[in-house]
Amino acid sequence: MEKFRFLTSGESHGKGLTAIIEGIPAGFEIDINEINKDLQRRQSGYGRGGRMQIEKDNVEILSGVRFGKTLGSPVTLFIENKDFKNWEKIMSTKMEDFTEEKSFSKYRPGHADFAGSEKYNQKDLRNILERSSARKTAIEVAVGAVAKQILNKFSISCYSEIIQIGNCADKKDFHSEIDKAKEFGDTLGGKFEVVFSNLPIGLGSFVHWDRKLDGRIAQAIMSIPAVKVVEIGENPLGYKGSEYHDQMFLDNGKIVRKTNHAGGIEGGMTNGENLVIKAVMKPIPTLKKPLNTVDCIKMQETEAHFERSDTCAVEACAVVAEARIACVLANEILLKFGGDNFEEIIRNYQK
Amino acid sequence: MEKFRFLTSGESHGKGLTAIIEGIPAGFEIDINEINKDLQRRQSGYGRGGRMQIEKDNVEILSGVRFGKTLGSPVTLFIENKDFKNWEKIMSTKMEDFTEEKSFSKYRPGHADFAGSEKYNQKDLRNILERSSARKTAIEVAVGAVAKQILNKFSISCYSEIIQIGNCADKKDFHSEIDKAKEFGDTLGGKFEVVFSNLPIGLGSFVHWDRKLDGRIAQAIMSIPAVKVVEIGENPLGYKGSEYHDQMFLDNGKIVRKTNHAGGIEGGMTNGENLVIKAVMKPIPTLKKPLNTVDCIKMQETEAHFERSDTCAVEACAVVAEARIACVLANEILLKFGGDNFEEIIRNYQK
Amino acid sequence: MEKFRFLTSGESHGKGLTAIIEGIPAGFEIDINEINKDLQRRQSGYGRGGRMQIEKDNVEILSGVRFGKTLGSPVTLFIENKDFKNWEKIMSTKMEDFTEEKSFSKYRPGHADFAGSEKYNQKDLRNILERSSARKTAIEVAVGAVAKQILNKFSISCYSEIIQIGNCADKKDFHSEIDKAKEFGDTLGGKFEVVFSNLPIGLGSFVHWDRKLDGRIAQAIMSIPAVKVVEIGENPLGYKGSEYHDQMFLDNGKIVRKTNHAGGIEGGMTNGENLVIKAVMKPIPTLKKPLNTVDCIKMQETEAHFERSDTCAVEACAVVAEARIACVLANEILLKFGGDNFEEIIRNYQK
Amino acid sequence: MEKFRFLTSGESHGKGLTAIIEGIPAGFEIDINEINKDLQRRQSGYGRGGRMQIEKDNVEILSGVRFGKTLGSPVTLFIENKDFKNWEKIMSTKMEDFTEEKSFSKYRPGHADFAGSEKYNQKDLRNILERSSARKTAIEVAVGAVAKQILNKFSISCYSEIIQIGNCADKKDFHSEIDKAKEFGDTLGGKFEVVFSNLPIGLGSFVHWDRKLDGRIAQAIMSIPAVKVVEIGENPLGYKGSEYHDQMFLDNGKIVRKTNHAGGIEGGMTNGENLVIKAVMKPIPTLKKPLNTVDCIKMQETEAHFERSDTCAVEACAVVAEARIACVLANEILLKFGGDNFEEIIRNYQK
């Protein structure tokens, strides 16, 4: 059921991040500047650490596009890790370059370090950190930016906003909340909302569990590093049936609703209202003020490894969430309208 | 990446519900009584309507098992709809039996009726209701019960409990809360928790977004009808980094934690702690006290169609959630330990 | 990329064969008689053994269809094994019915017995035979018959014919060739051709290896029990480039070809010419005149087990091949024309 | 069921070819020289044209490997198109670089040009040629070379050989056969064989059609550009059952066969004998001595476009076939032995 399918790759300090997207029809214009804008948005939230200044991500298209338009063949996106020049030896693919520089063995609680090292049988936890790092979401944002451009052709747009940072639900105090945490070497999570508008009715389906759009979106969001809670629409906790469901009315012969508790999804399908997704991100687990942990080589209690990090990345997380949802929706749109080239798809869409 | 894959089918008042599970290794004993027990649990929660008395679901195994053990071939499960005898003509597959009896055209807000009828071009909303009904979760529970039996061979067990019903978070008042809602013709949702214990470290992975176990579980849970919120572990909202992450200590040379905020998942993998999933179910959208809606044939405002329903199905939802998570985990276990027959798998497991 | 996806199940002497097809849009009329006709064709070829008289397969639709039309929900097909009444105890799913009656331990060369018993750790080879039997192709024919009906809506039709039986390439001598083999307790294979007409241009694709239509068809055909050779179009062995390729001409402004060596596929896509697939089936490996083999329990040389069998099943194999190709093509057609219901799909098709 | 999954991308004259392989366990040593050797083999067959001198393919590993060993994260392979410097403007991804230089509109019979331009709505046939070109098989060879290295850890090896070129089945005359064709501006196909040795018993399965190893291999081979015929083992045409099947004997308590007509596959599974695959490649459809065709813009009869090409590429095709089969087998091996890191897998293997 994947018409828009993709694989991503790349380590945090390796040569770069790559994605191959297979299934984009021919004849779509891809605007590389729009991709780069989302990459900037991902990097520019308040609370990000020093690396954001080094990288300034830019995407390169390696295949699948000619003279600005897709060919129907797989589209390859590449984001160079500009920091790689400082890591060439440490992250070398060659056996002869082996070095223990920058290796570490102190598990960072909340990260993949412990379970990852058990699973993949690694003692140098850098071998886990490098891929489990949220760095990889940069290329997911790039893929999602392509998906968004596809959605735009169908007049579908999106935005996101931060609802809460740490304990603070008042937007004007977000910066000071982050400053305070930074001062104490601590980190903050938060809650955000993503909204997609103008979706056609009937994306997703109830007919089989793995076609339900809410389930697919939940997977996409919960698989973003640090997300622990996903909500579709209004959290129904405490509502009665008579209060929660979005009643239907006629307005000049058109069916309308006065509420959107369902968040745009009924029966696992878009219902024509705005699609509203909320998620809670946990505080970043890399702390200057280190947590108690264990050294996996010495098998002694110690303090966790600290690698350059951010205080708060909720804004970035929201940008990633937009991207991830856009991929799910682009797949549904391409399945719905069929067609192998843009002209054909638009004809089917405009009927 | 699906080693344990399955398709389900069946309408609410059709002949029955079927599932084919492909990928169970040979030599597993399947205990049909254990499947039936979960089917009973699904039906027996307080607040269920009259149909639960009619059905008394029992599963039949149609293939893939001989003398109590799996053959390695696809396992077919079938649950007869005992009510079908009253619906034979209404739900007939034959064109010549066409009847408008029990057809309806008044959208039920909160259900698949509206979006489903648009998507599948149906005016008789029964053609939507029949598959979008939560009835189909019975066969998902049966599939999950098989998955649980696989997990049991690896000493993995699970339970679930209700945390909140409507506005009430006190277990001893759940029944009266439901009685009250029923009296008013209203319905209630609620929150529940599912816990799996004794999972091996390293199920799932961070290496690619669609391998993250939290994402896969979130999809499984959010695709259960009426679920709107999924949480993995403790909701991090308001926690600082220094408070949330589960620090690691040594206890007689063994790594231990004193908290489990992560709910057993770090970096998209099991970390050896209990897997803790919470979800919020919306109140059932079929209300005796009907909601405002629109008739899709007359295109007039009206009151929603009422079809025999429950007041509260949170307990059933928790049983379905156990089943759905069990399927995700069984797949991971089978991938991890390889092997084509039980003896081989257990050898790999015990090393 | 699977919009038309399905799982099948069932043992040769179990209760029956089941298939669940997920992904058929709503509003398709399914003619059950057409399915049964293909089931009869599969059973009626010259050279089939006694079982064909027992079974007289008929399909039952258990879900996904109401009043003759698909609902969009999964379609379940079931074919009862009429012989099951004689096998109830031998093929029981219950542990307490264990019996060694009809068990066997003499590997049949050419069958799955040897590798299957190693893989699934079975000593009673019936546990392998029951699923590896070609009996399971009956339900594949039923699924394919549904796919053919979908294709018919797009004016696509198919037929197959036998090219060679044993050493005989002259149709009028096929029966006597089979009679001769039967007399000697031997079996025959043969070669057949399947042709699909009126396919739209551009099904399949060259953009990624797993989208190539020739590859998908080759998998479908080679996975039919006993098929060892698959050819798309004319076998090119011995042709020069200047001879083989189908040159293009204009005829009243329309592009035409005078040859179809390519068998209707260029670049992994349909090119508007007839799709021509040939396959060679090996002789049935269950022989009255038994082969040398080994007994897996006694570990002694012996003669192979004989279970009621056919002399020649090439006609049946061709019917299965039609079905299997039809499934591949229906998937491509549904992807190409998009849409969730028949009316929408036909609108897209007719533009 | 794909544990070893990958996507490839890249145009013939674009920047390069990329593959992302997801699913390789951690701790495998990848030898880049071995990959490059297969790339050289692909380029060095007798009968290749001038481009082979330009490219001298070398692979670069962009991710997933550190200090010579896999990390468990996706492995990215990249092969630069060294010719790209001459094509930068013609193959530019940027709209402003649009040029008609090297565009063409004369369909080449036997290629994807005609069906591809219809499907993807292109008038410049270069937009089809660039991806449909067999150039893309270079990266498939690289992926397969990684798969082969995985297989080598399990002592599985492979080789291929050419059986026939054009009409010539005598190896010592292959070169002169090719020279003759070249002289006339013609092209030749041929037949080759690939053999894998030391496979464990029971890869693949009969339990569901899409698990059959012969079907999966047939897809892999038939999806190689220009392959029209796939054979598993000995073509059974003309054999009787009593002649074809590989009888089983005991030799010092070990089961042995004296023949391998089955080509190592019974019941869709490896049976412990050598896996033998044959395929026929059609003559290359790009001919110096051009074929009759149609110009898709002028809609006039004309002669086909000629782009630098080879006379015979059967040797290359055999190398690609090795690679493609190796991918199928590596997937099966990884599923069979489970495990997430090499040490664990080898433990399971050595039991």
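Letters are used for the chains, namely A, B, C and D, taken in the order the chains are written, and counting of residues starts over at 1 for each.
Following the convention adopted for this analysis, a residue touches a chain if its C-beta (ideal position, glycine included) is under 8 Å from a C-beta of that chain, and two chains touch if they have at least 3 such contacts.
Quantities reported herein were computed from a predicted structural model and do not represent experimental measurements.
Each of B-C and A-B has its own count of C-beta contacts, and the greater count is at A-B. Averaging C-alpha coordinates per chain and comparing to subunit C, the farthest chain turns out to be A. Mean C-alpha positions place subunit A and subunit C at a centre distance of 43 Å. The distance from the centre of subunit A to the centre of subunit B, with each centre set as the mean of the Cα atoms, comes to 26 Å.
Centre-to-centre separation between subunit B and subunit C, using Cα means, comes to 35 Å. The multi-chain contact residues of subunit D, meaning those touching 2 or more other chains, are 5, 7-8, 22, 72-74, 119-120, 131, 202, 205, 207-208, 340.
Interface of subunit A with subunit C (complex): residues 1-3, 5, 22-23, 72-74, 202, 205, 207-208, 335-340, 347-348, 351.
Within the complex formed with subunit D, the residues of subunit C that make contact are 7-8, 107, 109-116, 118-120, 128, 131-132, 140, 164, 166-167, 181, 184, 186-191, 201-202, 205-210, 212, 214-225, 227-242, 244-250, 253, 255, 257, 262-263, 266-272, 280-285, 287, 289, 291-294, 299-301, 324. If you check the complex, the residues on subunit A that touch subunit D are 5-11, 14-20, 22, 25-27, 29, 32, 61-69, 71-76, 91-98, 119-122, 127, 130-131, 340-344.
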